[in-house]
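Chain lettering (A, B and C) follows the sequence in which the chains are written, and residue indices restart at 1 in each chain.
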Amino acid sequence: MFHTLFSPSVQHSLDVAGIFVFAISGALLAVRKNFDVFGMAVLAEITALGGGLLRDVIIGAVPPAAFTDLGYFSTPLVATALVFFLHPQVERIQGAVNVFDAAGLGLFCVTGTTKAYEYGLGLTASAVLGLGSAVGGGVLRDVLANEVPSLLRWDRDLYAVPAIVGATTAAVCLRFDALNAFTSSLAVLTAFLLRLLAMRYHWRAPRAWNRRSSAEEDVTG
Amino acid sequence: MFHTLFSPSVQHSLDVAGIFVFAISGALLAVRKNFDVFGMAVLAEITALGGGLLRDVIIGAVPPAAFTDLGYFSTPLVATALVFFLHPQVERIQGAVNVFDAAGLGLFCVTGTTKAYEYGLGLTASAVLGLGSAVGGGVLRDVLANEVPSLLRWDRDLYAVPAIVGATTAAVCLRFDALNAFTSSLAVLTAFLLRLLAMRYHWRAPRAWNRRSSAEEDVTG
Amino acid sequence: MFHTLFSPSVQHSLDVAGIFVFAISGALLAVRKNFDVFGMAVLAEITALGGGLLRDVIIGAVPPAAFTDLGYFSTPLVATALVFFLHPQVERIQGAVNVFDAAGLGLFCVTGTTKAYEYGLGLTASAVLGLGSAVGGGVLRDVLANEVPSLLRWDRDLYAVPAIVGATTAAVCLRFDALNAFTSSLAVLTAFLLRLLAMRYHWRAPRAWNRRSSAEEDVTG
């Protein structure tokens, strides 16, 4: 009952929209890595569905939603086709893609948290899995493309923090039995806006104190 | 009942043969990466059993077959020993190894599809998991060896397509309740032959249209 | 009943200690890779809990212990904070960290084996999963950091062998119904000491015979 925070059809449309933008980011990286069209499709699928897949396997929701809903599976293929034929145009609207990606991040951290809670996990564990659903696909994308996950890199704008805030807000609402369409929209919006602000003002997280001045030689990492 | 398309002992022998050739490819990559004998064994095990392991975890068939059948586990160790002692000879018959690898690919995409279907997944999801069983081990092998998965690379002969064709054929047969020893052999053979032809004629998949002429600087990916 | 080889509170303290030192190794690698504080936390969590997580998903113990015990989850965060503020000091006691890491290795290979056995796996499969619990987190750490897993590399002191010996000893004890606080301590100690000796005397495993003299050009792997 929690999982469908909104009416089922609204929820499903939002999920598909989030999957679509995540898939676009996977397909774009595949082009940059010079992969062929099948590599693009694989990377799009895994970026879009990987986070939820990890969550579902961990909470024991098998077979995962990614394999029971044809819409979830076919959406990344549409994104792949789009990038395949219109790659330069999609690159040009990278800014718009980033905005949608932020929306997907906000959405998935909240729905991931509620789904884990429904399956009986504690509040902290649910928030962690919400975070994992939101960022896991991107990490798998970067691992498959043989790159350091952009989630972990110091020189990227904050990505985890907005998702942590969104997932924590959802968990707090669950704690006080106050999660409904309004509060969950609020959690999604908070994460979404935080991510937009992080991109706009290039917010970054600090690195360890007192590192030897290693920025130069380590930056290749 | 579906899973044992052939008599159980024939099926098991075919599985072990497929596991063996996949393990050889893992052990050979380990030698090329300068790993020690334990690294060879780990890479051989994961290449051979990783695809089926992923499939079994996703469909909820736990503990996975890889952990319940000692023959499945010990076969990659035999392959490791062989490569350890006879590495130059095995390298020399790389062509033969590739033919067996193609056979393993054809076999696993069909048995993977039927096993997923047995566990109640839809036809499309079953075909996707069949593909995943067949190619997943190789992807894990390349990720562990810190290389771009050869599945995704543009400059490799078609590998996914034969498996997609084999898995789809099996799914169509399942749809029309027509999967038996004959039709499944046909699906295996189709995938096998397609892969052989792809290697023979260096069939490749296209990359995205209108890429900026980036083949030069991106080929390092 | 097997899993709590020692009194539950002793067992839990040992687990937390093992998780702590594994997390330190993850956080230290994150600093070396120039990750920010969130990247450090992610790498610490995955190094510390990843091996047990893989084991639990494979044996069907979901949700995994990593998500049901808050102490397991919060320990790596403490380790992250420590490395964040005291990185140079922690680096300086790398020798001590290695000793604790060896203790974690010994502990986890034995508890991993017994947990898998409790869930109904065979003795060989249990030992393999015990090994996987002990080394899996470090492999995930290196994959996420985009490095060749140090487990697989030839130029590192033996790491797998002590864990194999410990897991096998535990499995043999289980076979003869002789696993108790004393024998399991013995198995843990054996693995621990073997790892210390491997570090002290730089024991290494052999690479494949008759490689073409490729040590020079391949060492970059």
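In the analysis below, contacts are C-beta pairs under 8 Å (C-beta built on N, C-alpha and C of every residue); 3 or more make two chains touch, one makes a residue touch a chain.
Nothing here was measured: the structure is a model prediction, and the numbers come from that model.
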Classification of the subunit A:subunit C interface as same or different, half of numbers criterion: different
Degree value of the rotation bringing subunit A onto subunit B, based on Cα positions, nearest 5: 120
Mean-CA-position distance for subunit C and subunit A (Å): 29
For subunit B, residues contacting two or more additional chains: 57, 60, 143, 146
Touch list for subunit B against partner subunit C, complex: 30-40, 42-43, 53, 57, 60, 62-64, 67-68, 70, 73, 83-85, 87-88, 143-146
Touch list for subunit A against partner subunit C, complex: 57-60, 119-122, 124-125, 128-129, 139, 143, 146-149, 151-154, 160-161, 204-212, 214-215, 218-219, 221
